[in-house]
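Shared chain: subunit A. Partners: subunit B in the first complex, subunit C in the second.
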Partner chain A sequence: MAIAGMFGEMMRTQLAVPMNNFLLANTYEQTVTLHGLLMILWVLTPLGAGIANYIVPLQIGAKDLAFPRMNATSYWTYLFSGIMLISTVFLPGGGPNTGWTLYAPLNTIQFTPQPGMTLAVLAILLLALSITMSSINFLTTIARNRAKGVTWRRIPLFTWSIVFTMALALFAFPPLAAGLLLLSSDRFLGTVFFSSTQGGGILWDELFWFFGHPEVYIVVFPALGVIAEVFQTFAKKPIFSKNVFIVEFAAVAFLSMGVWMHHMYTTGVNYSVLQTFSFTTLAISVPFEGLVLALVLTLYKGKITLNTAMLYCLAAIFTVTLGGITGVLQAFPVLDYAFNGTYWIVGHFHYVMAGTTLFGLLAGLYYWWPKITKRKPNETFGVLIFVVAFISFNILYFPYFFLLGMPRRIFTYTLASGFASLNLTATIGAYIFGPAAALAVLNLVLSLRKPALPNANPWSAQELEWTQNYRGSTATQTANSTENVVNAAADDPPKETLEDRWYWCREGNCKTAEKPVDYSGKNDSQMPLRRKSID
Partner chain B sequence: MTENYESSEEKKSSLTPLIIAGGLAILFFGLVVYIPLAIGGAVVLAIGVFILFRDSVEGKFADLKESVEEKWPLEFLSKRKLGVWIFLLSEILIFGSLIIAYTFVRFSSISWPVATQVHNVTLGMINTIVLLTSSLAIIFAFVSIRMGNIKGLKIGLFSTFGLGVAFLVIKLGIEWPAYYRNGFTISSGLPGSTYFVLTGLHACHVAGGLVAVGYLIVRTYQGGFTKTNHSAVENIGLYWHFVDIVWMFLFPLFYLI
Partner chain C sequence: MSQPIPVTASDWNHFFDLAATIALIALAIVIGAMIFFIVKYRNRKGQPEFIPEFRLSKGRARENVIFASISIIILVSLVVASFTLTPNPRFSPDPSNSLVIDVTAYQWAFNFGYPDGVTTLDNMTLPGNTVVMFNVTSADVMHNLYLIQFKVSIEAVPGRYNIIWVTTPAATGNQAYTYNIECKELCGDGHTFMDATMYVVSQTAYNQWLASQISSNSTTTSGG
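Moving on, here comes the complex of A and B:
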């Protein structure tokens, strides 16, 4: 519905953030804050939801989300809250300048008296409302609006990833909203939650990070879902042990709500708390590595087609692994004390969040672009841009791992500190990466000028959104869904249920399409390494 | 996503979401920048909600007809009811976080005033009974319409509405001014801050519930509910019970211990 506008807004939001180092201290602080807030809350979080808005109904055979009006309200609320946040820069005193974590008591009116800060708090509150609406909508849709035959076991992996994303969002955003409510009452009504010593910084930390850590997985899950879909299609193999994959998703989602204290090691929590959260943090890396491992093993002995979408996915796997490894190190309180507040941390979360999510979701756009627009982006140009983007991404963020001594959020540094050359390298990387990312999107937009594809399933993908039509009899379909006409004419498959068509194809009746891959998980031996790849 | 809609009836999109979201944004913006603007925003928001209610009363909410559905394991829940339950879950998390925040500051404070000396337990008890009775009243309304008894529905809804108003009058009209006279105010320290913010947010939820019950009353008079078609009564009833249950936590936490 409003998908084009949504992406447009996201890109604009993204570009509104200057990466400029030549700013005054206060301006730099505002830039850091707005970059963090916009990127994490207004770009990465809703970008997955934006793609899901189009793809999830197709994958489960629904016509739309369960509550279309609520969906529209959610979108407009999101848009206006974004405008509100950006407009804070124009208010007297400027925007928020506390860093995206808005730590207390820096966020109280005593230290940040500017109205821009108050407006930013309300903007985030509005965004939390928008995301809560959208998670209610997605969860209801997936639970209730599945077409016949789409049982829980048959639900495609991207939709599964959205199930867990939205469930996490449902649990993570209300505590944030509660914190923001307390904060706004502090700023409006003169309550003393965050300026008192009994509440203060620790109260905010607890509320914020209880949201903050699940948020990381809210950002990363849709990207993992996309990677799973893309790998299945371009390696021509079903995912390595689908059921385990989903259970691992659930395990990560569950554990992610029990690790927030690792953001607070240095706040003076007592030793047993420290140990507990160190343990949970290590524990969460196990199912998460399981997810990554399953994705990698999907490629093993697969017939791999290397195209743009696939390359972006491989890049995302690379960044999530590197970001993950650097993250696990910080699970140990001892190391965390050393790394806390340095560019190492910045490098770590940019690899996980920026790298994985942006590359993964770009892959999603490239992969589903033919489905959405019936046009295929230019492959050569796409690959070229990918190479530039991937290399420049690493030029941009890899030096951060060597900037161990450099505190984050400082607006300048002396020559004697020795940070200069690495920072310069990073800046050069940023100057290449920004335009490259823009060109990758431009490539998609330019493809709109091409004529429509004759075949609506150019990847020969086997997942439900490509192969199924769901809407009544296939014979009456117009040019909108060519693949169904083709299949119906050539094979005349049973049209009653998905189940019927599935088994009918498995028995070898499909002539036009390749034999479908069984994604159902029912026939998984759980020992896929020994299983022949299906060609 | 227009291509996913097949009949023209489903294609038309509504302006209401834009009005509601815009109203909210103007309201928030005005609160910070220029108060009259906030009033304008509140008006826009009210118009949006009004249009939403009017459309709903006139039955303009045509659900998309999903032909075949796989519902397991939720066959017994309607789509809207499931939505309401998930919404209530998010509400539980908001109030849960706030109650935990309250517990947190109370435990980290060295001294905390004795509840019975600050709060008026009698009024609190009366309010508890009022709110519990209102839950009974909305159950009465629901049971009546399930048997097709429109008169019972009206009695139930009006008593719910009346009891809800009584709750707010006792709380905002009698209890709070007395606290302010005694110097127990929202900015007088953490005991005041926690009390007024938590019960204030709860009062906002009661007020929201009153708007919803008002909608039910209007729709009843338009003949919107029948023996078989009364899901809105049930769903708003669920919300009303939730607000009631939150008070069941707030009352002992603030007035008794």
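Moving on, here comes the complex of A and C:
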């Protein structure tokens, strides 16, 4: 992540003043490509999975993921492929210089003969393998390894967001992997899948964007899940209409696989296709807007504590809303004729992906840090860094919306173009945002030197990973053990929804940790995988 | 610059202003509500420890439907408004009434081919007040013909002809307007400097220019 961020800073340095010579054209294109690939595939995608690795088992009362060894394999494949990709810059001819979209036929051996490009293709293939393993692992865990009493309806929202993230990953990465396999075959065996003039370029576009659009939601969903958790805790209220929220998640996930063509409005597809994908793209904004509104309405009549985690969530709501509505504008093909491939788009997707995911997952780290390390990061310092980070983020990316005439991925521009002052502003923002983001993480690390907290639940959070006393695992359970069981209802009949339980708990009935009670009321099964007790 | 704004761009601007205004209002509502809730419902001393139970649950489905309906209505009306835009992909101009220019993009230049066999590199001269149809293809990798001030662009895909058309603004007498063209798709290391210029002149000036091009082409041919 630090390396990808450094590439970003290098690009901003190059673009700070017109006709700069800090990076050469080829070096700049390599930088732009590696920044995109590393940030999207190696940072934003696995970051949510990393937090989920710790939190999801706690939220559903599982000991670990279903396949721990596969989890490790996935991680080491991820790390190895990342090193492999970064190492391409040291090869003769340098790394890939095609942009992260690797458009055909620029990605074929005819136009990018350097071995770094081939290695990059293989690295991405390995990453796709790693993510596929992870998604299978998470889905299996959530489906089969829940503690007794954690029904589907009671699964916390962060875990729900991971369900949809991983389900999307499972469907989105195979087209990419297929594309990369065909591309490898082009590069190794001399086939002409993508160098063919009979639609080779469009074939790559289709395969890539069928992966590429769900990928955006793979990146954003965990952040939304975190925001839901943090809002519930610090507004002391359950989410606004949980069931609808989950349905909206599902709708966005489903629709996200039917909008890929909006990345290809200018490729000359015919009118009916254009209009169909414009409609699906507009349609996806409706459930997505529902998600954001539900999050905002969760604050309504709450009892709100503002702290670092909460502030990062608010920032993420701002970035996802701004990024989202600019996305709605892009859904109109005619408007997109001008947006496509310019800095407007760069601004849009940095708001959606960089802003929402980084702020959202930082909120997640601040929120779960006491759970993970039993330490609380410094609040004053955290808020201060948040203010700097949020302002500099906007100084960095907001000017992009005014750079409509500036094509992406150009390594320099002339003074006459009039882009100079906006680019300089963005570069200043970048110089502040980079260190600020690093300090936000440093604040977390520094808290490790503090003494451990006496209270295991400093936020008075009500979600299952904080309140439930599941020490036990399915493996260590004894026949009459009541551990690893959701024990919310002490002496009341079980409440139907988490929301009901929430209110009931808030009224002081919930002294759960001391009184573990089998929530389901059925002590029937002690099987490690208990399908029958799930619902 | 007192250059006329092409009709595609003024349409674009109007629609963008409309859509962006609605978008900004939506943004203001969401963010405004968020900030209002945070200030209004902030944690104060003296509040009861537990929030008294309130129920949104009865109306929640209805509220969600209302939100969805509002946004669907706004989106559908925007879609209807967008139908009037040019260049509208629904209507294709009649090639017999328009000037057809063959554009071949390659690493890293644009080649413009006129109907009369004239070809120019990285610059083109067009008559004013004419429907110009660009027939765009690529000789090597993907490029993108972006007519910046016209606010239209089309991908140059190898092996495929993509069509985009614009109406040039009227020019009379000695008026000449300069518009910029850029490649918008990363096409290799020379991408940054892959640009071209479009000059829009009056019909008579265009005819003169074309004639001079034809004669210079023929002299080159006879000389070579």
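Throughout what follows, the second predicted complex is superposed on the first by the 449 of 535 C-alpha atoms of A that agree within 3 Å, B and C clash if a C-alpha of one lies under 4 Å from a C-alpha of the other, contacts with A are read in each partner's own complex, and residues count from 1 in each chain.
Here, a contact is a pair of C-beta atoms (placed from the backbone, for glycine too) under 8 Å apart; a residue touches a chain by one contact, two chains touch by 3 or more.
Here the structure is a predicted model, which is why all the values come from computation and not from measurement.
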Fit-or-clash call for subunit B and subunit C when the two complexes are aligned on subunit A: fit
Touched partner set for A:K236, first subunit B, second subunit C, both or neither: second
First (subunit B), second (subunit C), both or neither touched by A:L384: neither
Touching partner for A:V445 - first (subunit B), second (subunit C), both, neither: neither
Touching partner for A:L329 - first (subunit B), second (subunit C), both, neither: second
First, second, both or neither for A:L453, with subunit B first and subunit C second: neither
Partner chain(s) touched by A:G268 [first = subunit B, second = subunit C, both, neither]: second
Contacts of A:Q198 with subunit B and subunit C, given as first, second, both or neither: both
Partner chain in contact with A:A123 - subunit B first, subunit C second, else both or neither: first
First (subunit B), second (subunit C), both or neither touched by A:A250: neither
Minimum Cα separation, subunit C to subunit B, after superposition on A (Å): 11
Common interface positions of subunit A, toward subunit B and toward subunit C: 196, 198-199, 202
Partner subunit C, residues of subunit A touching it in the complex: 25-26, 29, 32, 97-99, 101, 103-106, 111, 196-202, 235-237, 240-241, 244, 264, 266-268, 271, 274-275, 278-279, 282, 285-287, 289-290, 292-294, 296-297, 299-306, 314, 317-318, 321-322, 325-326, 328-329, 332-335, 337-338, 340-342, 405, 407-413, 499, 503, 506-508
Complex interface listing, subunit C residues touching subunit A: 11-12, 15-16, 19-20, 23-24, 26-27, 30-31, 33-34, 37-38, 41-43, 47, 50-51, 53-54, 56-57, 60-61, 63-64, 67-68, 71-72, 75, 78-79, 82, 85, 87-90, 107, 136, 140-142, 144, 146, 148, 151-155, 157-164, 180, 182-192
Residues of subunit B that touch subunit A when the two form their complex: 1-6, 10, 13-14, 16-18, 20-22, 24-25, 28-29, 31-33, 52, 61, 64, 66-72, 74, 77, 79, 82-83, 86-87, 89-91, 93-98, 101, 104-105, 108-109, 186-187, 189-190, 192-194, 196-197, 201
Contact footprint of subunit B on subunit A as seen in their complex: 1, 3, 53-54, 57-58, 62-64, 66-70, 72-73, 75-77, 79-81, 83-84, 87, 91, 115, 118-119, 122-123, 125-126, 129, 132, 135-137, 139-140, 143-152, 170-171, 173-175, 177-179, 181-182, 185, 188-193, 196, 198-199, 202-203, 206-207, 210, 471-472, 480, 497
